[in-house]
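Look for chain A in each of the two complexes below; its partner is chain B in the first and chain C in the second.
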Partner chain A sequence: MAEPASVAAESLAGSRARAARTVLGQVVLPGEELLLPEQEDAEGPGGAVERPLSLNARACSRVRVVCGPGLRRCGDRLLVTKCGRLRHKEPGSGSGGGVYWVDSQQKRYVPVKGDHVIGIVTAKSGDIFKVDVGGSEPASLSYLSFEGATKRNRPNVQVGDLIYGQFVVANKDMEPEMVCIDSCGRANGMGVIGQDGLLFKVTLGLIRKLLAPDCEIIQEVGKLYPLEIVFGMNGRIWVKAKTIQQTLILANILEACEHMTSDQRKQIFSRLAES
Partner chain B sequence: MQRGLDSETKKQLEEEEKKIISEEHWYLDLPELKEKESFIIEEQSFLLCEDLLYGRMSFRGFNPEVEKLMLQMNAKHKAEEVEDETVELDVSDEEMARRYETLVGTIGKKFARKRDHANYEEDENGDITPIKAKKMFLKPQD
Partner chain C sequence: MEEETHTDAKIRAENGTGSSPRGPGCSLRHFACEQNLLSRPDGSASFLQGVAEKSRERLIRNTCEAVVLGTLHPRTSITVVLQVVSDAGSLLACCLNAACMALVDAGVPMRALFCGVACALDSDGTLVLDPTSKQEKEARAVLTFALDSVERKLLMSSTKGLYSDTELQQCLAAAQAASQHVFRFYRESLQRRYSKS
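Coming up: the complex of A and B.
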């Protein structure tokens, strides 16, 4: 880690904004400014090479770029607010210039609209449940936001239950609100999570790693024995297997796999598969 | 001696009142600010950045409903652009054309008057087809 740190320190000392394209996959530190591809030509290195004037106006060819978590807009540039690696995703359907974000690691969750999270019901006041999601405030969940719930037909939710839902309102100015139905009114797997099982907390980066489409860990875990897992984007995982011992083994694996290399992991899985 | 005010003086008084009221309204004495069009959109959600799978998973048949959901949600997320172009037809085109042909006759018979029933004759198959056109008045040539 000494090399990327020294490179970053040099660029900060030079206080020159780097092009986002050249920094992809490298460590960026908060306070750095990044140039988007359209601008780096205009502010090219030095004046030694004279560029021929292009007749087509550059300003018209700008595309919309989305700056994701860890980045902020600062004039025409991107300002880094978290330390981590810079990532980029090309636009799939052709509109816009893609997404830039910083792949950082943290344990504290900040509610974001659209995220599916696991919450614990802490209070029931009138028509609203207060659900603890690990943020600064408990989220509110109305009793009508369940599938098939009406004023007469109330959902069976008690204090202490686990709820899998998504946020509809989540910003820094208001209390977060969550629901257990989607926009069509269907539950889609959201709602009260069943009996038994074990809930534990991991870092947010691990959740994203486990939910990646090509995650080997999940594929290997699925071959061990019948089990059920629910991932919440707030760092909470709920697991359930047939016996308590299997559940505990699963919880330990998922917690430990963040810091294991793939060889160590394969060793552990082969040992488990034997026993 | 006039008791009330003159209409002109009334108008003047009203105008003065309106002026006082509109001057009391506050306004900003700033030059027009043009909103800069920004090409960068800020989003705090990871859903746009990475394709993440659905959060509920079940393996080896532990929870069949969740396994069904997994297939649904992950398939929806992967194959959003693939559309089925071959739509299977329940009824073939030819049969549809035949039905329409006879349908016109059947419905037409319903609205035809008694005299026109002669136009609608049934042939061997039982299909009702309108045979003759309606009799129009023919003008004599002379």
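Coming up: the complex of A and C.
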């Protein structure tokens, strides 16, 4: 009978770790274990195989693999902790096995060091602004972290303003801290976001898609109306066009393009360009 | 200074309509209410209807806590809200499956998936998996298990009724075999979701 045999095979497959290389681009579920390239040869179908201990340095070549979001190191294997597609990026130069990560669709943002985010100033206490970035804690922003700010020359930031900045401290144990200058002391586009415009929230996956190089959506939107747009990695987009109506149209397009195929999108853009 | 008000009430009312599952009259179970029990939010209340609900929440919470990687989110609370749309039997198992899917959808890091499987033993000792409400009512014992996806280990068991040791082992083995179907369904539905993007 085919039924029990296939079920039995699946139970074995579920418990055995798979090589990361073979699972690239496929959906992985939490709890799966992945083998790194150097371990595949050792793991035969029967399980652990004894390897002769070699004193030759070349045989013990460890490839340094970076474990990205959605993966955790578990012994000498990778444990998947989030559901999504497994991705891999080859190292640009030098040694290393590259980066493995899980591309998941998620709405909730967790602060990560180096991310550029849009925050809303919620409180001003002494020399620190408290900025809501969508995480579990508000981030702190010092008034000296703006371009050209000194103790005498304070930046003009009020409660309720929008801030575009990046995290310098963001881990699970400490309150996140953000700044609006880069390491050279220049603003580089960061700081208080100007008047008017509209701030709205989208999923994190859409932001990453829009910020990927050669994103068609942004090029098409740019041809439609002149606009200013700021993307925050915390799922927030600020957009401003000449009139309020155009701003709202752009906001609706960006929210909807997550669920649209590229043909539907082109139709909508051509219809808008005519009107 | 906080004040907490506790109210306990038991109401019996006579009602002519026969839509209540408790028979021609309308009698409500014992319920208890606590107000202002959290200090941070503007308002909070806790309302308990019947005693069974509290233990069901505790069971689901303990299962989630065993599986979620809480160390990655210290000083944070994860709230799971379950809304019963319709109860056709095996309610606790259905709640466990819903909670697991919700945690996956939210992107909460987990060390494994989990599923709930219910089985009922009737008076002859026949095992029925995923019983309907009628089968649950007529059964001698109803057992619900939560199993994890990595090695089909038992995370939680909730049993009601009379059964022997061998029957328990039989139910557990049947639940482990049935959990494969549930996990296969999880995989298919998640693959379908990611294939759209």
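Just so it is clear, the second predicted complex is superposed on the first by the 246 of 275 C-alpha atoms of A that agree within 3 Å, B and C clash if a C-alpha of one lies under 4 Å from a C-alpha of the other, contacts with A are read in each partner's own complex, and residues count from 1 in each chain.
Keep in mind that, in the parts below, a residue touches a chain if its C-beta (ideal position, glycine included) is under 8 Å from a C-beta of that chain, and two chains touch if they have at least 3 such contacts.
Remember, predicted model here, so these are calculated numbers, not experimental data.
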Is A:186 touching the first partner chain B, the second partner chain C, both, or neither of them?
neither
First (chain B), second (chain C), both or neither: which does A:29 touch?
second
Touching A:173 in the superposition: chain B (first), chain C (second), both, neither?
second
Which partner, once the models are overlaid, touches more of chain A's residues, chain C or chain B?
B
I'd like to know which partner A:79 touches here: chain B for first, chain C for second, both or neither.
second
For A:106, select first, second, both or neither according to whether it touches chain B, chain C, the two together, or no partner.
second
Check whether A:136 is in contact with chain B, with chain C, with both or with neither, and answer first, second, both or neither.
second
So chain A touches chain B in one structure and chain C in the other; where do those two contact lists coincide?
72, 110
Chain B contact footprint on chain A (complex, rising order):
36, 62-69, 71-73, 76, 78, 87, 89, 93, 99, 101, 110, 112-116, 164, 188-189, 208, 211-213, 218, 221-223, 225-233, 240-242
Show which residues of chain A lie in contact with chain C when the two form their complex.
7, 10-11, 14-15, 27, 29-31, 70, 72, 79, 81-85, 104-108, 110, 136-137, 172-173, 205, 258-259
If we count contacts the way the header does, which residues on chain B are in touch with chain A in the complex?
38-63, 66, 69, 73, 81
Spell out the part of chain C that touches chain A in their complex, as residue ranges.
69, 71-76, 104, 106-107, 109-113, 148-152, 177, 180, 183-184, 186-187, 190-191, 193-194, 196-197
